[in-house]
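Both complexes shown next keep subunit A, but they swap its partner, so subunit B is in the first and subunit C is in the second.
Coming up: the complex of A and B.
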């Protein structure tokens, strides 16, 4: 177990190094003037562009620039200035991420519960009604673009029914939150509202979360249902399941104790895939619902050619992805001893 | 050549069944030539008609090849549905200039004609069967020509990914060792980003254009292909026929390209066809975010992006502009659905282990 985790941990910095090289290589497609934008914090500096290029060595050989850039990013934690967020990239990530965390958190739970339940049910009742329903459901949502689904939800549940408005809070609640009477503990709005004892803020936050969560859930659940189903079918064919049945155990015991536990092992890996998928999915969902998280900021920065913003966003998401995968690998080895011994 | 001769045989075997089909197609063309409204269009684009007939023949031939594969395909209603949807889109793409003739003054047929500059979308009417978007781009025209864009994007991306995947995956799987380690860590780096995020960065840096969208999606996609081929090659490398080729003095290049890749490429190509749906979805998402083709280019995601400000409708009438989402959205959905249905059927047929389990 220790050597397995050790090997994963050794790979981690290698991948991280590769990510920085990739991002830096992409940046080299830009002219020095555009890269200099990262160091500009007010309009007056625009006249001093050549001096800035000189000062930060943007006309130096590539490898020297890379080392300088890396030093800037890792030693000083300086990712540049984001034009779209009007603050340094590092602070921008800090201020946008809690909203995204809230969104992914509330989407992740229903995705795992409904996905696993529907997948197992479909496998156990193979070729029955529930199997067909889950099949149609899964292939439809795999084919529907997330933004079309999101726009439909927005049209119906906000435009028509006025249930789930876009944004993060309504005007009145937002003013209250900013008034100073509200203390931010975690910057996750629903939790903060409860900690402050302000139920009306909590309810308003939930109302605003419902639309994006519904969008993310529906889109991501399809894959989980498919994989749980085929994994469960595979397990149901195993000898130990037949043995359990031959011993005369009740069917629920066979399914829940013998089969499902083993069928859930691939689902652990899948949970990290789902997490990564959610991080990609928030770009579209947050843009549609005007939800102030890092996804909307990243898309907006890309649109406005705010290069420091985009690259900072991408590196942050990559770091989360790599850590998510690492966690999944470790959990996988923990639950499946065969992996450790390989 | 093998496919062609098999197809000819298929046509011969199924002659009686094919006759009514050919008759219907011929009748449609005759009708189109007789009706004055459509005659001009048909006569103006003989090339599109020729393309269409060629494709139709190819499709019919493929469908009637007497083999286990096509027999299973024909028996499964889902794969028939998927196949029909794809054929429909192929027909639309081939006949695009006839279904939606570009205006005489247009410099590029892919640019959607614009009628006026009024900002609010206009509902479906005779001149614009699916309505218009913000800025008066015709949605019908955009959907018809967008079919060609969708095919172009997916074919280009798959071609690039397959070439890179073949090269790197082949080296990695065949030589193993340190080279394998390096290439696999390289794929790790590219897979450390959610696909859409990396694509967004690449388009933001390279600039906004359809070519860059294709490059971006190919950059996101190739590692999957490289890993797939590597895995296949690892299984094949130690097989007897490879040993035999080596014993006969074949060099590495010859062994890889003549013996290993032809034996590993089949699942690889099937995977490519499954991937079309995902590629089109990513391209549409990029366009929707405003990171796709130039404004006014026939592209499904772009059509929705153009009218994004209007989807909440007018006061008192929330669905006033339903057509700006529904028509392009349905086009993307059907296209991707067709490929997914076909892909599931392919997998069911070609992978006996999974047969009936997905």
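Coming up: the complex of A and C.
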């Protein structure tokens, strides 16, 4: 097991390296002026284009730019300056990630619980009311893009009811956490609020999380329901399930203990991908709810051709993906002893 | 059958949510009465007054954290009132020397910085020199370098610092007692406008203590052209004399917070706090102003109808602004390398040659064909005027009686028939008009132009092409675009800041268009140095006349609008402002 994990971890730097090579390889298709885009924010600066290109070496061959970047990374431990985040890349990842982590934590739990439960129920009660209802909901949630759901939820739950505002905290709460009376332990607002014993901050943070969490749950749940259902249906047809039933075991035991555990393999694959996807940032949901997460920054950096920003962000997501796959592999072994990790 | 059920379920859900919603009244009591919340769509680049050259940055620091020697009088861009100086220099009061080159300011006494120390003339000198010698590529330093030293930058072509310049600047700016005098390279009429905007005073001792520039010539190399905005110590902290102190700039939470300066040299501000937040998406921004969580929000012209009629929200329209949008014709297109915007690159009906627009008749044809009224009505919601040359209406030097183009199909046809000995009319052409993608106003303008030109002659073909900002920069630099649309916003409110980029052969747009007119270049310099207002105005009139005769650019001047809660008091507009001046504002 340990060797297996070790081997997979060795992959990390290789994938990260591959990602950076890929990004720099793509850069050679861009003209130097395009690479300067992140530095020109105002048409009045147009005359300075040649100077800016020279200053940042943007007209140098792309392999030289890559070597320069690598040298920064290895000699100074510096991923570069992100012009779009207005801070160094490493600091930007560190500062945007906790918000995304918080969003992921709170969305992933309902996605998993509701998804697996609804999928199981739909399989067990195939062609009954619950099967139809779960199908209808999951398909209709999935059938509209996330920005439509996000905007609808925002318009109704904030614009009309004023229950769940966008952002991370309301003004009064926000000013309080900045006043020096509040200590940031994790930068995950709900956890920090509880650690500080400030229940009102916690509740306000939850209010702000509700909208994006609801949106993410709605759009992510459909696949999980459908996969759980089909996987369950397949397992329920297996001989050992029939045997278990023939032995006279209670139906809940057959479903929850015998059948479900084995049906979870594809669900684990999907949920690990969902989890990594959420952690890598959900651009549209973060943008609509003005939630200062990492996805919004990553997309903005890409849009502005903020090269150090995009490279750092891509490495981060690559690392997440490798780790997410590793976690899924370990979970396979746990749920299905037939899977041997050697 | 499943679909009937699904539709039904959705309907029930929607109805339930809507019913719950309609029952709730919206609270209209003033929210956060001592805090003004401004919601924008872009982050400031830096809060350093010598580095910042974007509206989002200047809006926060200018006149709030840092103040200038003089200030604009109310909504006027040409009249000034004292701010950190005790009077506005003029030839009459002896503040401006007879030769128009030396400006003397007497400093207000007893003005304190945010850390409690007293402002002196040394702080002013330090601040001006710091502004000039930071000179980052693409930064604002040229605004002072140009009039005071007669140079546009502090470095040569290879990027090496010109060591002699600092001494020259040190000589040009002299302090004595409580006065500071600035001697210009040559008389420069817009200098007071520049001082009203770009003479922000920072606390010298404090800045040195923060390890910023040490004030000596030796320190200039380190100060000059920092690699990134964070390299300057005033990037995210500040210490000025203004009515608000910079409390925090949170780049992760994307907001800057200012707090009232209780020891301000005038009466303290009415508001205790100002919060500048960034919300990129218009949806939440709109809902925030509707709910009162924002007091002032940025809204594009195309989104205006969505904030009109919202209870408690005020839309103030028809605000003059110092912005000019140009539709540029390129006299020297780079047609090499299979440039897709010029088609075949020949005048064969499927393209245009490099010098297509070099013929003034082609340019006149375009200017007469363009449907100004439709563009203004459909693309600008009626909120723009046709510019008669580069100088915006309302600014000194603008000539309301200048003859200008109106939509005239017959004249357009006549001009095109005459162009290139009739070849243009006989063969037809094909080229693209480019705009920066996402800007729907410019896209619409390009489409109007396309339909106008194509209606003249079936052989005239125009493509409308949206390009990203990055692509635009590249194509612009290489002179690849035959026609493109983009705006210019004033660096300081003076006609010189418009005729230079638009008409000078080395100006930002003039050079990109390959436009050279020796007379124009000379007139622009003459106007700069002319201190007699009447003579100066006459030169600008002449420049507008040449703009008409040479017609290289079609000008449209959009007017602005502001969206704020009706409980906001004390707001007023000055076209020279980068954002609301918060000091006199309050909420009730």
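Here is the rule we go by: the second predicted complex is superposed on the first by the 271 of 342 C-alpha atoms of A that agree within 3 Å, B and C clash if a C-alpha of one lies under 4 Å from a C-alpha of the other, contacts with A are read in each partner's own complex, and residues count from 1 in each chain.
In the analysis below, contacts are C-beta pairs under 8 Å (C-beta built on N, C-alpha and C of every residue); 3 or more make two chains touch, one makes a residue touch a chain.
It should be emphasised that the depicted structure is a prediction, and the values quoted were computed from it without experimental measurement.
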* Just subunit B (first), just subunit C (second), both, or neither: which does A:292 touch? -> second
* Asked: Between subunit B (first) and subunit C (second), which, if any, makes contact with A:37: first, second, both or neither?
  -> second
* Asked: Of the two partner chains, subunit B (first) and subunit C (second), which one does A:139 touch, if any: first, second, both, or neither?
  -> both
* With the two structures laid over each other on chain A, which partner does A:15 touch: subunit B (first), subunit C (second), both, or neither? -> first
* To do: Quick one: classify A:269 as touching subunit B (first), subunit C (second), both or neither.
  => neither
* Asked: Between subunit B (first) and subunit C (second), which, if any, makes contact with A:155: first, second, both or neither?
  -> both
* Who does A:305 touch here: subunit B (first), subunit C (second), both, or neither? -> both
* **Partner chain in contact with A:45 - subunit B first, subunit C second, else both or neither** => second
* Structure fact -> subunit A contact set shared between subunit B and subunit C covers 30, 139-140, 151, 154-155, 158-160, 287, 305
* Can you list the residues on subunit B that touch subunit A in the complex? -> 185-186, 188-190, 192-198, 200-206, 277, 281, 284-285, 288-291, 301, 304, 308, 311-313, 318-319, 322, 325, 329, 332-333, 336-337, 340-341, 344, 354, 357-358
* To do: Mind listing the subunit C positions that touch subunit A in their complex?
  => 2, 5-6, 9-10, 17-18, 20-22, 24, 26-27, 32, 35, 37, 42-46, 53-55, 137-139, 153, 159, 225, 227-230, 247-248, 250-254, 257, 273, 275, 277, 279-281, 283-284, 287-288, 290-291, 293, 468-471, 473-474, 476-478, 486-489, 491, 501, 508, 511-512
* To do: Please name which positions on subunit A make contact with subunit C in the complex.
  => 30-37, 39-52, 54-56, 81, 83, 85-88, 92, 95-96, 99, 132-133, 135-137, 139-140, 151, 154-156, 158-162, 165-168, 170-172, 174-175, 178, 287-290, 292, 296, 300, 304-305
* Structure fact -> As the complex stands, subunit A meets subunit B at residues 11, 14-15, 18-19, 21-23, 26-27, 29-30, 139-140, 142-148, 151-152, 154-155, 158-160, 226, 229-230, 233-234, 276-277, 279-281, 283-284, 287, 298-299, 301-303, 305, 307, 310-311, 313-314, 317-318, 321-322, 325
